[in-house]
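The first chain written gets the first letter, and so on, giving A, B, C, D, E and F; residue counts start at 1 in each chain.
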Amino acid sequence: MRPSQRRPDEARPIRFTRGFTRHAEGSVLVEFGDTRVLCTASVEPRVPPFLKGKGQGWITAEYGMLPRSTGERMPREAARGKQGGRTLEIQRLIGRALRAAVDLNAIGERTITLDCDVLQADGGTRTAAITGAWVALREAIDRLLAAGELTVDPIETQIAAVSVGVYQGVPVLDLDYAEDSSAETDMNLVMDGEGRFIEVQGTAEGHPFTRAELDALLELGAAGIRSIQAAQRAALEV
Amino acid sequence: MRPSQRRPDEARPIRFTRGFTRHAEGSVLVEFGDTRVLCTASVEPRVPPFLKGKGQGWITAEYGMLPRSTGERMPREAARGKQGGRTLEIQRLIGRALRAAVDLNAIGERTITLDCDVLQADGGTRTAAITGAWVALREAIDRLLAAGELTVDPIETQIAAVSVGVYQGVPVLDLDYAEDSSAETDMNLVMDGEGRFIEVQGTAEGHPFTRAELDALLELGAAGIRSIQAAQRAALEV
Amino acid sequence: MRPSQRRPDEARPIRFTRGFTRHAEGSVLVEFGDTRVLCTASVEPRVPPFLKGKGQGWITAEYGMLPRSTGERMPREAARGKQGGRTLEIQRLIGRALRAAVDLNAIGERTITLDCDVLQADGGTRTAAITGAWVALREAIDRLLAAGELTVDPIETQIAAVSVGVYQGVPVLDLDYAEDSSAETDMNLVMDGEGRFIEVQGTAEGHPFTRAELDALLELGAAGIRSIQAAQRAALEV
Amino acid sequence: MRPSQRRPDEARPIRFTRGFTRHAEGSVLVEFGDTRVLCTASVEPRVPPFLKGKGQGWITAEYGMLPRSTGERMPREAARGKQGGRTLEIQRLIGRALRAAVDLNAIGERTITLDCDVLQADGGTRTAAITGAWVALREAIDRLLAAGELTVDPIETQIAAVSVGVYQGVPVLDLDYAEDSSAETDMNLVMDGEGRFIEVQGTAEGHPFTRAELDALLELGAAGIRSIQAAQRAALEV
Amino acid sequence: MRPSQRRPDEARPIRFTRGFTRHAEGSVLVEFGDTRVLCTASVEPRVPPFLKGKGQGWITAEYGMLPRSTGERMPREAARGKQGGRTLEIQRLIGRALRAAVDLNAIGERTITLDCDVLQADGGTRTAAITGAWVALREAIDRLLAAGELTVDPIETQIAAVSVGVYQGVPVLDLDYAEDSSAETDMNLVMDGEGRFIEVQGTAEGHPFTRAELDALLELGAAGIRSIQAAQRAALEV
Amino acid sequence: MRPSQRRPDEARPIRFTRGFTRHAEGSVLVEFGDTRVLCTASVEPRVPPFLKGKGQGWITAEYGMLPRSTGERMPREAARGKQGGRTLEIQRLIGRALRAAVDLNAIGERTITLDCDVLQADGGTRTAAITGAWVALREAIDRLLAAGELTVDPIETQIAAVSVGVYQGVPVLDLDYAEDSSAETDMNLVMDGEGRFIEVQGTAEGHPFTRAELDALLELGAAGIRSIQAAQRAALEV
């Protein structure tokens, strides 16, 4: 029995609030249950030094948690003077995942930065962030297309992510904090619109996992991502 | 004529959303028009080193802006590796203002941290932050009182803040970004529940201001704060 | 009775030693009683990135305290690896105050840096720093005028500063450390040569202050600044 | 055809030089072809603050690359003043992998630090580091057992790692730099002595990968790790 | 001919102003010609962690240059966020030199910090700093002896320093900036009251130096230090 | 009797392993007994900002110790976020010493970086580093000459270094850790191929040293360096 009473293959309610803030070219509040992440897409007319003059663009991400997004207050990274290893790892993951969706040659010499800031955390912040960031990116690209700044859509596929894990011996979908903190195995999956893998990151927390367990988790995640992607599309059609 | 069509002595609509996030002991989203600041109060059972063993508590504040809370994306302070001078100045101001409201001896050996994170900026973020932080602090103290952890209310007065300034030669209340960025004089006022001053910070941006202008601004601000304090009380009565 | 036996409206003896060091374009040791601050003005033929190519100049300030300028040794900020919030706040204030005196378009693409280093502290270091920095700036500009590098005087007004506060219930001028550390209210005033306000920064340390107290402090400060400005002019006439 | 002329399922020659340096409790130079990583295990009689008084130990890892271990010189992280995101990500991975092998309650209040320093890089430094670090850890634990400081072997399983990827459409084992830098998919596998997974980290570099490709990579990696583990055991028997 | 018209074996005028600032236990402005360094000695009743509970004290030094102590303004180290290599090297040298003068067991569990801040630089700041710091240390120890906090004098010898170098082929004493910046060889000597060496630091700037040149420099320096030590004693007798 | 049973004038066995790693233009493992330092020379086609457009090159050095190169593990400088004073001092020394060997005008607008990383420490790491770095530099320059990128040899002399010290009252050559940690006096000498001094750095650790002791140490070191230079030449002839 999951603490939230969900079935093993049941994700939390997923909600997208578009236009959550008004300045960014894309701005989406994504909720996976009680996990809430504000994802903004900012378009800037320049590229990092290593891409100067190559005629292509860049997509990058930054991730942060508000100090009291969690059960106990965490030190503010800006005050500590550096981003922790977990933060860097997650924002590298988000950036890679989103770049996999886009033809960087087709966005011109622009940088699009996805800022994913966790307002409230209840497990699965990185998968919510990737999922919401894709919607914010879609918004920003649509705005560039509408304004005639781009004439060809550079987004090649739809990206979403979900976590899966083994909780009390059972493979479950979309772990919340209560499950995540005691899961034996934790895996984050990022997939594209054609059901192919972008990232597979599995970690044996409690004990190692067999190939059979891995297969079960991959199945569960693939099904979960399909319905998350349907929710993304529905949000964009509104 | 103000860009927002407001009268000179008219503040923006002010709104408090209590319980905006669920983990913190106090959590309030405060809106001064399009300026939105999430204020959380976190209670922790320890004090900074300089207060150890003195039997009193401490109140402190931290301030941050989400990178795309503004019209152009600002670099993330956590990624730059330090908080800027403006950030430090604002969070010192918030902390001082809130400490003025509380009998630190009456909260025991606890630290209450007010985190003020700007989700969307349109001028006046520091005055909104102080105003919202007091409501979050009130929530947190009420929770301690309700739980019997405190028996006497340590809050001695009500704190609110507002900006005033001279815009196109006219003293105006509660400047938004369009006014703030071209104001000749900018002043932030923090006052208590008895109409006394906690902080007066006036800066001549464009040209110096006379004593008469200063007096007009102080009047305007005092009236504005009275109605903001009424809004604070109304929010707490809900 | 003030600890120094001064009358409430009596400033400490103020002294300017011009040419205190020989390399800088302006170099003044300013003393407000036992508070001694070395103010140098350095002229450099370049501007910060945000002003490149705009044909105007920039004035900025940096502030520091020698580790043993105070009663107890303070950690050296260079060794700690960062400037504290108080330091940043003060140097931002000094820079704003001095910029208010100068037509930046009239100094060409130059940066003038005012370094204010406290050799000995006894309260009021920021107001002494602003007051001395204006004299150092005047020296540096005079040198540029004398050398024909400038033909029109870019200094539009005379800047000085002083602190006022409520000590044991009485408004007093130019607080020393003994008064400052136990004052109920502390206010720093920066004014121009025409008696107008550049900065008003009042903080209720012990208890909030009424409008009447504020008015009394403003009167006291305005009178004090007039005599400090006379001392500045006298020093420059030597 | 692979640049190195290897068959798709052929790892590079793997070599362990035990006792490579003399001070550390465990010290192994591990070579995967031209990739050479010095792995040392340091035993210290203390634990991090979060484990104080809990009677258990801790295993952690640090990773670094000598500036000229690579084809072009990289800036030294100590001189830049921080470890990069890739470094932090790798050392977190090494630490997690090694902790999965050990009963932390059985090592007492000790910290064992695995330092993995890349002397020469040719792809696969993180998998070589994990593989070598396990041998260094084994050496350090054997020394504690021999000295009677431990009476029960806390190592519960054997850990090794390898990379697999899709190079020019073909799944290959143990990618070198020439392959790694142009691989379409890159996956790092960490497995235990029973053939179970500790970590699975797959990233689509060029294009997303299908479930069938993923299965092929998992098979290839599992076989590769079996022979790497045989090499580890052989090195320890010498 | 030296730029300053001095004879090769002639030091600059050396002056000590005792009690230059009032808070520190020792406070001396030392001048070697136009080089002016403020040296303060601060006594604190604690020792660094590595000495806790050993019953002995510690002597350490910190060094800094005011930004405009030099011909061109140097960036402020506190603003840059770190002390440069030259600064660290010099303050390590000052600390070692002073520790050589003192029986650390005889000062009890105290730390004495020598802060050497260059107000104006004209070459030889490190040797002036060592020379002045010893006088400030002497003042601080005398105060402890006078107050009965120490009963035995822990200072075992007199420390002074001077630079020597080869300028236009001629060995010269106490180089000023004009000489220092074009010297072929530069050597700093620290000696005790018995004419023995504490530190010898010679660097071939322009071309290597022979043993004969080295011998000449050592002679010149030893004679120079004897007269500097006479000046130190004279200053203390006042 | 020395702990290592060596005669007072006997250096440890010195060994150079050329081509120790394959990417760098010069790569030498130098061993002074159990002290092992990997020295690489990296040639890059650019110069630091202060040399831009002057048509000359630059030589610089960086130094590091692997965390467990020593008897007790030292914190990793990259993880601490800064290089310590000792590290900065040593790498400045190595850089100066190597620049003394080379005509910087003759290497064109190139920077050659000598990275000296201590794999195992047993005293004398800085002198081993200088000695090995010269061989690595020689390799790198020979490669540039062979490739026709340089036509005239810019190396003007041969550089080597050794430590000397007074151990139990006796001057000894090339101190190992056991001697170094209890030596009364420690001196590092850097000399050129003509027997002239590049650097002389002597420090009285335990007690000051007389001129006679200094002379004895200089003799001992000069003889030691002659044989080290013979070993350098022999290594290059292989």
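One rule holds in what follows: a residue touches a chain if its C-beta (ideal position, glycine included) is under 8 Å from a C-beta of that chain, and two chains touch if they have at least 3 such contacts.
Which protein is which chain? UniProt says A, B, C, D, E, F = Ribonuclease PH.
Everything numeric here is computed off the predicted structure, so don't read it as measured data.
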Fewest touching-chain hops separating subunit D from subunit E
2
Please state whether the interface between subunit E and subunit F is built from the same residues or different ones, using more than half shared residue numbers as the mark of same.
same
Counting only Cα atoms for the centres, state how far subunit C is from subunit E in Å.
33
Could you give the separation in Å between the centres of subunit B and subunit E, each centre being the mean of its C-alpha atoms?
50
Quick check: how many Å separate the C-alpha centres of subunit B and subunit C?
28
Going by residue number, subunit E touches two or more other chains at 81-82
What pattern do the touching chains form: line, ring, star, complete or other?
ring
Chain order, ring traversed from subunit C with subunit E following:
C, E, F, D, A, B
Could you please specify the touching residues of subunit D with respect to subunit F in the complex?
21-24, 27, 34, 36, 38, 40, 42, 44, 62, 64, 66-71, 73, 76-79, 81-83, 87, 113, 115, 117, 119-121
Per the touch rule above, subunit E residues touching subunit F in the complex are 82, 84-86, 88-89, 91-92, 96, 100, 157, 187, 191-192, 194, 196-204, 208-211, 214, 218, 222
